[in-house]
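Next up: the structures, one after another.
Two complexes, one shared chain (chain A), two partners (chain B, chain C).
Moving on to the complex of A and B:
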């Protein structure tokens, strides 16, 4: 038994006793469960496996502390009403907001953060990491860290632009269909059905094969694919608002469709729409990442996470994890957005699953 | 029984209509190409004579509607013309690959479906416990990761570090089933991870929805033991949502397969589609898109029919 193993179990047992003493039932179950699992894992995998558990637990604890601090920070700087809302945010949501904030900073200040240019060749191919290059060089000898920073701007920016366009088209059509009704509503509904019955990745591939992989083609193709989903939701949400008495009153006053949409329906359906925007962004981001992984996204030499994974994938067969970093960056952002959306949905629906 | 068959027939008809509209979209989108296919194949430097010869050979001189009808007629009998890059018949090119893809999807589904449903039900019964929260975070992470991320992580550990499974799924004729299952294990596992997460979340939501209904509360209040509440009261009503969840996720599986096939160099139809897209081989692209769309519609249709069969209320709409 090494010192590490003894310290490991002592720490876990002290933590579980403390949790039990202070009547923290779920914390106790978590820690003590971890202790029991560690016994089995420790016997099977030895101290190495225990070290992995300790590292993972440490990372999780660090993430929890960062999220807690970030939430307190936001509560401190937000206005009174906002602070009240923020207090209801679970730690996962705070973590999501922290990550989104980090990505935004990385994307906006990429040229200042990145030590080298986006397409600047500074070393030999696949050169290992050194003082100059934090993560080593890619297949052409460009600094991976710098490309990662620029990639934030390109990948996230592209996905954001596509989501915005899809949202504008879908939400406008949905609101119009809800207010106008009749044949317009029917036609748009059927049209959305047809588009949605083609798998999204396949449809995107079809359009890219025809019009070629240019940025504006990608944005429009993705917007066409996702607008029907936004349309469906907006139509459903607005459909519930349209039957309200105050809409009837506004109609009797002689207000036009545009006024109804802007002043009556939209303010009463913002919460689900904002949450939907987050969800759609995740889908779009994953689709665009998949496309660029297939070599059909943003074209080189522009840095982009999906294509960075593909270009450096050969390194994986040598046990190097650098190609996984851009992929992990994609996953981390999507998870974070999902965490925030989860909290917003929970709050806006007022549902407390009991 | 008669009206169930009628209802199913009507759904099937609707599916056919949608497929027909999609075939129109797939065919006429290629017509939107700047210039035409001959121009796209030969490039900017082509002479007028070459272009004319190729147009003649591909039948591009006929009006679009005639070519569409010919293409559709061929597609119904699984004849999608020939590739404009290699000149091979498209059917020969993708026929076997489609079987491989179906095999991979079925392999993943056989593992994922029972696993996901059982876990989903357990999580729903233990909702708001620490187990449920951990499962929530894990499934959310799995859903949010791009398929290629999961695939490469599995390759890194199972193939490179531990050397347990091959990283590349090379298939050959006459392999035994065991060998086949062994070689395609990693791509199947990637799909299982993604689909299980989706299915678990949806099953959990469906079961929680169900457990909130008044008749479950009634059963509990009259003192029925918990297992009886689940088996006798909840389960018969849970089939419809569960069948729905399974069919929707199988549809997802069919498209999710594209990225996974590229990661593992699996000889399936998804890889054929990606190759054809980068070579701009339109007949192959069109054929693959139509096959994917048809499978997708068929599975969604299965979800509808399953829901109708298990829920008598849908059979008699008010």
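Moving on to the complex of A and C:
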């Protein structure tokens, strides 16, 4: 038996005994459960399998510690009201916020972080990683790490712009429809139904092949596809607000629609809208990545995660994980945003933790 | 009535804490309570006194965010504070039942009433389904519900509020519990319907010798129902005594102040001679899109500086009249005159000045104030909108308004409505109406959601403002006690028609229109024998909905004869 195995079990047993002694029921069940599983895994898979468990547990623990520290950090620097809200955030949400923060830094400071240019050819095609290139080179010999950094800026920036536009169009239309009601409401509702009845990917492909794959065309096409969803949510939320007596009071005062929307309705419907924003952002992001993968999104040589997956796809058959790195970047961001959105949804729906 | 003297429920030194602002705060600070079998105990106090919390604790239940932190609750020899969830669950519904304030919100709208009724007996395997259904019909009959054979097979929304509340009482009775907790069962009902429910509850509790805790803030109601009364204030007991003793001879100052609430009354004003009425409603018919006529030939006048009370049951068209006057619902016939000039029927066509003249105060201050807007803006907006005040001028106007409604400006200026109590919110609602500098204010049930002490404060405030600012009020209410205290003239409405109108003093003197008579006689009085006497006089089948549907609004119309 190697020293590693002895240390591994000793550590687990000490941890479970401590947890039991301090009456930490869930922690004890977790640690001791892991100990029992490790017995079986250790017998079947040997020290190698135990090392994998230890590494995974270590990564999880690190992520949890980073999340915890990041949350405490935010609480420390935030204002009093914000700090109160942040204290309710679970670790997953803190983790999500940390990842989003990291992506934001990567995107904003890409030219300073990236060691090479976005389209700079510096090595032979598919060159393996070395001191100069952290993740190796792609099919044209460009540094993958640098392209990943620039890709953050392009992919996330594009998705953010498209989502924002979709929200401005959709939310405005929804608020107006709820306030005005009548035929305007009917017209907007049916119009949204028509757009929603067209399959989104096909609609986007159609628009891009008619107007050409320019950035602004992508943004507008995606915004048009997602605006009806925002419209429907906003209309439903605002519909619950406009029946309130304070809206009636404001109407009787003679206030115009714009004041009603801005001062009376919008402040009472922001929480679900913010949560929806995160959710829609993920969908938009995946759609843009999908369009790039199909070759109609962001055009080369501009770096973008969707097209990076496609360009390096051939490497997969040689057992190289390089094309999965941009894919993982997409997945990590989507999961992180969803963590944060989950927390916000939870708060806006008023559900209580049991 | 002879009561057996076994103790059923014994609560000793009960303490309950609630969680707010990240710390535990005492809500109930050591209350003792003893309830014998077959005894009815009335719990009264303002909202926030902890009545409902004690009611829930009697079932061993602590609501979300509260915990029972001390004392003991012993139900029929069983200690509930230490009992497991399993043990407590086997009591609930079976031996202890609960009747909530809003039956409409407590019934599941997706199931038939009888299916919800039989759920508990079936769950505890006390009866077979058919037996349980037969028993339900028997209970419905005892509670004098119409069509007892059939009514259970309807869905909750197909039954009126008063009937639903009785169906809920029947449901609580389904397992013949030893104890029922009534949590304000009639607060949301009209006075006429309230009588039926009260009579039904009292009979059935007597018949099965069930003990009951009756929670309410209405003293006159509790006087009819309870054998003993316990008065609570801020989680502490003020005093406890038998009903008769409590009414005749209250000991504590707080109890005396509760008793004195209904004494507020101001002298009736006479109409000014040879003057144009401020608001004149002329032969108005109105209906909601495509529906039946909700208002039928409604006419009345409101003079400057006077209060006109509009009374009637829910659904009689009181609020619709207000909507017609404000212009939210243009009438299909007739018109509204302001100082002799016709008001445009739709509010959108009214000028800023016309809109300013006529303001509204709402029943539910919670929905009437935007929760996300600061008090300073809620009150300041009308002043800025109509008078164009800005900056320091606006601030001094808001301060002046806050002073008028007796709230300290510096304390409330930057707060949000959810941070205020019900009475304070209602005051803000009044201030918002005043900010427009109106001549006419519609008060839509402004006191019905408030405790009596707070409501009286609001009434006094409105009265003072009327004197100072020469305002005219149209006071919509179903509470005749409010009418008695504040009105100058009364308009009685039924089924969208005005059945009687005239000066207040004459309205409270016979002869009445039969509907006015029904309304007047339905108001509970502080006499514990009032309900018994009334039922003897009128007969059990001649109260509430049954009686009001018998009255034809046109019959013996005495309108006009008194003016």
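The definition used in the following text is that the second predicted complex is superposed on the first by the 348 of 354 C-alpha atoms of A that agree within 3 Å, B and C clash if a C-alpha of one lies under 4 Å from a C-alpha of the other, contacts with A are read in each partner's own complex, and residues count from 1 in each chain.
Definition applied: a contact is a pair of C-beta atoms (placed from the backbone, for glycine too) under 8 Å apart; a residue touches a chain by one contact, two chains touch by 3 or more.
This is a predicted model, so every value here is computed, not measured.
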Chain B versus chain C as contact partner of A:131, first or second or both or neither: neither
Partner chain(s) touched by A:254 [first = chain B, second = chain C, both, neither]: second
Touched partner set for A:81, first chain B, second chain C, both or neither: neither
Touch count on chain A, higher of chain B and chain C: B
Partner chain in contact with A:26 - chain B first, chain C second, else both or neither: first
Touch list for chain A against partner chain C, complex: 244-246, 248-249, 251-255, 263-264, 267-268, 352
Chain B residues touching chain A - in the complex, by the definition given at the top: 18, 21-22, 25-26, 29-30, 32-33, 127-130, 137, 140-141, 143-149, 152-153, 155-156, 159-161, 167, 208, 251, 254-255, 258-259, 262, 273-274, 276-278, 280, 282, 285-286, 288-289, 292-293, 296-297, 300
Chain A - residues contacting chain B, complex: 26, 29-30, 33, 92, 193-194, 197-203, 205-211, 282, 286, 289-290, 293-296, 306, 309, 313, 316-319, 321, 323-324, 327-328, 330-331, 334-335, 338-339, 342, 353-354
Touching residues on chain C, where the partner in the complex is chain A: 64-65, 326-328, 347, 350, 352, 355, 359-360, 362, 364, 367-373, 381-382, 385-386, 432, 436
